[in-house]
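Look for chain A in each of the two complexes below; its partner is chain B in the first and chain C in the second.
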Partner chain A sequence: MKITYGQMTALIMLTLSVQIYVFAPSFMADHMGQHLWISLIISITISMLVGWGMLNLSLQFPDKSFTEVLKKVTGKYPGTLLSFLYSCYYFILFLIHTQIIVTMFRTLFLPRTPSLATLLLVLILALYCSFLGIEVLARASSMLLILLTSILLFLIVAVIPEVNLNHFQPLLPYSMEGFWSGTLIPFAHYGQVVVISSLLPFANKNEITKQPRIMAGIFFSLLITALIVIQNIGVFDPYELRRLRYPTVELNTLIRVGEFLERTEIFLVTLWAGAVMLVVGTFFTISWTLLKNTFHIKKSKRIRVAMMVIACTVILLFIPNSNALVSFIFDQWVYLSLLFHLGIPLTLGLCYTFRRKVRGHAAR
Partner chain B sequence: MWRKRKRKRMKAAEHRFVSRFTTEDLSISRKAHTNLDLLTSNYLENTDDYISFLLNEKVGIVYIETIVDDRKVSRILDTLRNNADQGVAGLSFDYKTETNLKNIVQELTSGRLAIFVDQSSEAFIIDIQKRKERALEEPTAEASIKGPRLGFNESLKTNISLIRSRIFHHQLKVEKRQLGNISKTETALLYLEGVANNQIVKEVRKRLSRIEVDAVHSSHQLQAFIKDHSYSIVPLIGSTERPDKIAANIMEGKVAILVDGTPFVLYGPINIFSLLQAPDDYYDSMYLATLLRIIRIAALFVSLLLPATYIALTTFHHEMIPTDLALSIAAGRETIPFPALIETLFIEITFEFLREAGLRLPKAIGNTISIVGALVIGDAAVRAGFVSPLVIIIVSVTAISSFIIPNYSLGVSFRVLRFLFIFLAATFGFFGIVWGLLTLYLYLVSLRSFGYPYMAPHAPFIPAELRDTVFRFPLFKQNDLPAFIADRPALKKFRGKKNPGQKTEEEDRT
Partner chain C sequence: MQHVRKPAVIMLCLLLLTACWDRKEISDVNFIMGMGIDLIEDDTYRVTFQWAYPPQFSTEGAASSQEENTVFSIEADTIPLAMAKLTEISPRVPIFSHMELIALGEELLSKNAEDVINVIDREFEIRRTVNLVMVKGTAESMLRAETPFEKVEATGIKEIIQLSNRSSTFEKVNLNVFFNHETDPHSLSYIPIAELVSDTALHTTDSSESSWIKVERIAFLENYRLKRELSAREARAWLFVRGEVRDGTITQINTGNGKLVGRSIAQSTSKKLDKQKDQPSLTISVEEKVSIIDKPLAMSIVKMEEVLANSVKEQIEETIAKMQEENLDIFFIRSFIRHKDRKLWSEIKDEWEEVYPRLDFKVQVDIDIQHENALRNQIPE
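Presenting the complex of A and B:
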């Protein structure tokens, strides 16, 4: 069973729409203050280029899985290695997203519930997602994307009265201090656009590929999430923003619906949580698919359960709470992810451009 | 080891079919009295309503008196007595011949009469079945205010005629087959050729042919054999007593399965939204229909989530409740010794008891018991400080909501799921509810009805087909046949005007 390009785009948009505004605004404000919009524009531009490159490269090899594309472009052994590395990359994204949702609910709504319980629940759902497969996740993503996008747009519109334009002054920076590290943060999130290469093999090849539509969809997601990050600066000034752990949740608390509903953020966070859980399932499924393709694994149930046990152990040992998670994302992952978001895609592009044999094979 | 066990299980299952070891295959004898003896001793021993006798010493007559028309029997016997020289040829009945006793027994049990003639190696079978048929009445479970009042009854022929009287077209195909090795129940597959997707028709045919069971008593029994996911908690095949609904579904390219002896006709493929539609949606204005559909969807969520939300709010998310309401709830719960989970479960389970008791008791007493039980037990429980008044309100609203769901099977499914959500909310608050909702959503998205996505046109998202899901667009806007279901290129429905009341450009010019 294949998915349509529309469903694939929805799934990519969903993966790009759930993470950046959780922790990143505080850290970006710390590096760049009110000028974080510049780094957002740069990272969106680079991400769009990477996404376009990966999309076109994958389209050169229709009916080939991402593992096979890597092997074709770089050779058998390097391809196998890269495929395994990407499997690990998606596994790490799966861990990060899992722990984001677990720590957020623990901090905000379930302080007495043991993290392990909520963690197990998320892992079980991810396992279930992997059994259902990408096709079901892609079909489900459309409605969730509509809901999430509506919430994000509602948030943007509802908080506009609270925006103080003076917080953006001065508009342009006087120096480049913190510029690169400030740009790496959004790129670590937006660079996840490389997921396009792993999802494209699931798309129905009989359908006409609408590349501009796919890219427009991706751009829309990046734009909305970027607007939320910028709005954080507008509402809280950069100094206040640095001190907030969940700035967008704080943004939610500013929404008032009359005097009856005092705290509406639970509804927004709840819907967001639904979207994140689907993304968690997607990343795990992609990670598993890549691993399966890399090592030609046939019997899979036990290995998937083993992967869950590993995930649980890694989370409990290395990123057990929000402090450890934030430290991992912003001290290590933003740099490490460059390899997958820029390093390997660039290498693949160069290999494809300069290796005649590969181009010839793709044309055939 | 697993394979061995599976093989053993299969073998054991085979022996469970009564039909596998009851009927012995014998050819008929050329002597009439020998055939009667064989039938009595080998097949119809201890069958007191089985009648067999010799007429004129040369002709043997056999039938089962409880299922045949007595007048027809008398006419046959009179003809045979008076025109003995002409034999069976003198009868004014259609007949067929059989040479095998096993088949003859099957015919006898289906209400036929068999005639054995000396020196003949064939038996003559005459259909004189007498069926008791209920009059056509309004379906009780699917009443309509503005729609037709006619419902199916238990007769297959009558039911097919009710559908045919709504679709006068030669493309309406009726494929009959017998199901059940012993019961030999007549079933019919109906579809509109050229409109129904050929793949779906083939698939249904294949699934029906695969059914191996001793007896088919109802259409619901078939569902278990032909639905895509055997263990699905929600109904994957529609079932109705209304001929207008079946005719409309056939016109949309769906298939209908009729089973003799039951007024419930199966149809499919379906999606979850079609189960939330009521007949009156199409007999009323689009505004009212849309409003009612939104109310039904809201009721679906309320019946699933209201008790769970109450538990989550009172156990985990007190800060979410507006202050005045929180104080009122706290005052109500002050004397209650149990957590919210226990008090909700207590009232929910009591209500389920009352509901089941109401169903089993005679109608007049059943209603009284339900009302008195609910009032007395509810009031007493609150006075005794067992539960808070709010829980009574919540459980009552939940129960009323569950009755709003038009499809009974879907309502029952959501009743079961409600308990799961109650436990999830009691353990994880809103997080548990979201987790449950997403899991349920993914599960529903993964389901298919005869290969058609169960959550379509929402997942997969097909905007063009949203015209008849939550919102009901004007009927003249619904001319396109649904994707997947219909065999689109073969035959299109008539092209309707965009708005029948509006003048066309040409009319304007003139």
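Presenting the complex of A and C:
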């Protein structure tokens, strides 16, 4: 059974709503200071264009999986290669999100609980998600999205009294120093909008496509998360923000509604953890689906379990703690992800336009 | 086989989900409410912990008439060691997530509190909303003294800082505010000062016997080291410049014909930066809405406004001149210029030490008397 476009949009919105505010504000402040809002606007604009392009490209091949779309647009072998690359891309996103939740819980909330226990739990959950399939995850995402968005909006409103507008001054920068590297950071998160092409094949083709609504939903998620990043500057000035490893968690600890409502971070963290686990499951399922379609794999259970073992080993060997994770995300992944967020989508757009023109010319 | 695997996986998940490693039973927890840190030797700290004793808060009254001791001091070379040593006397696990106050002894701040504050900063259980005070004398004596109405002194001091302060001589500072200033290379940090007073009058006392806690004035720190304590008059001027004078603050002036007493209703301040012939100047415009409590006979509203404005202006100008003389930027002028005029800031930041004493300040004060509390007629003699 297919999912509706609404459920697909909810799942995309959820994947875009869980990551950027965890570590990125500190690194953006390091590059851009109080001017990080400019890089957010630019990366949101580019991400919307990329998302719109990928959506329209996928809609040209309504009955095809993303692997088939890639093969149709670029040819059999390049398409197979790209499909495999995207499978790896989603696998890396799966690893990153898994380790974000594991390290965050270890550092902040469960210092005595061994990381391996949390890691195994998340991996088993992701494996279970892949057995359930995207359809079930998409249906579960709607309710979770409403709850997560509500708590993020609550965070934005509740922390307004702590915002010092002087932290944003001067509003405009005097030089472009740190501008491009500062813009790559949010784009490495918002560029995940390319997930739209992998989820579209699961959507019900009989439903009238609502492109503006899908794009509006995506924009809403990007906007909410961008506001949280901007609010971090308002509350902690750029110098202080650079020091903080988990700025949004610290932002959350400042919420105080009178004398009776304190420690509301538990709501955010609980909902956020639920959302991240669902996103982890989604990325793993997409990665597995692409791999399956690329190599026409029939028997799958053992391979999926093997992928989990690989994931566990890679995490323990290469990104075993928050320092290694942060270093990987901000020193390597922000540059590497450009290939998947901009390089390949642009190439696909050019190939599709070229092929269409050639076909039109031949028809004439 | 399928029937065996699924329950096995579920059981495994349940085992992990319980998170037994980090469980904390409420009856096993010691809620630390306040922490006082004193430096007693070069590398030795005396850390005083105050915790909540739940029966004290019972609406049915304390279970026993005997006062429960909830304060304990530990000497250790580092703060984490002191925190760990607390478990040697506490049958319950100390947790710091509900802490309301950190009191830092004068001696510690005079030397350097960087190590201590860095430890506090790295302890995630300690929230950024915890209030900070500097204690004249020792922080321990502060936590062993008394505050009216409150059985836990840490809570009492927090309430004084947050709810009271009608004398407007200090501003509440939590860890978030402190770090925002301390990490800014162009800013001094500040914390309110607490001291012990006799429980019969607001006279400073050296003894913790029958003494209460008073919070008054502001101390400025540079790189975690005490730089300057403001007097009450200077602190009031500082609050005027920041636009932070509280509703209810009393201003009293002896006019020669009698006392003029005003009570603040609202106060705001704006600053304007100008540059003439490469010399920056700053205009500080203070506005205050006032109600009159007492006044000399036959003094007109216009005259009262003028007298009050002159008094506030004099306080501010006097404090600015002192700070320029001492080259102390307590008004955060560097941050202000950096925010308002980056170009000017880049020109003067390296010569700030020479620029600040010569900086031209213009102070404008506008007092607006809202009402005269005219409940009684004044009958001339």
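To be clear about the criterion, the second predicted complex is superposed on the first by the 349 of 364 C-alpha atoms of A that agree within 3 Å, B and C clash if a C-alpha of one lies under 4 Å from a C-alpha of the other, contacts with A are read in each partner's own complex, and residues count from 1 in each chain.
In this text, a residue touches a chain if its C-beta (ideal position, glycine included) is under 8 Å from a C-beta of that chain, and two chains touch if they have at least 3 such contacts.
Note that the structure is a prediction, hence the values are computed from the model and not measured.
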item	value
Which of chain B and chain C A:Asp331 touches, first, second, both or neither	neither
Touched partner set for A:Val235, first chain B, second chain C, both or neither	second
Contacts of A:Ala117 with chain B and chain C, given as first, second, both or neither	both
Touched partner set for A:Gln7, first chain B, second chain C, both or neither	first
Which superposed partner A:Glu162 touches (first chain B, second chain C, both, neither)	second
Which of chain B and chain C A:Phe109 touches, first, second, both or neither	both
Touching partner for A:Arg243 - first (chain B), second (chain C), both, neither	second
Contacts of A:Leu278 with chain B and chain C, given as first, second, both or neither	first
Overlap of chain C and chain B interfaces on chain A (superposed complexes)	109-110, 113, 117-118, 121, 125, 128, 263
Touching residues on chain A, where the partner in the complex is chain B	4, 6-7, 10, 105, 109-110, 113, 117-118, 121-122, 125, 128-129, 132, 136-137, 139-140, 142-143, 259-263, 266, 270-271, 273-274, 277-278, 281
List of chain C residues in touch with chain A within their complex	9, 12-13, 16-17, 19, 21-22, 97, 124, 127-129, 176, 179-180, 183-185, 335-336, 339-343
Touch list for chain A against partner chain C, complex	107-114, 117-118, 120-121, 124-125, 128, 162, 164, 166, 169-170, 174, 235-237, 239-240, 243, 250, 253-254, 256, 263
Chain B residues touching chain A - in the complex, by the definition given at the top	316-317, 319-320, 322-323, 427-435, 437-439, 441-442, 445-446, 453, 455, 458-461
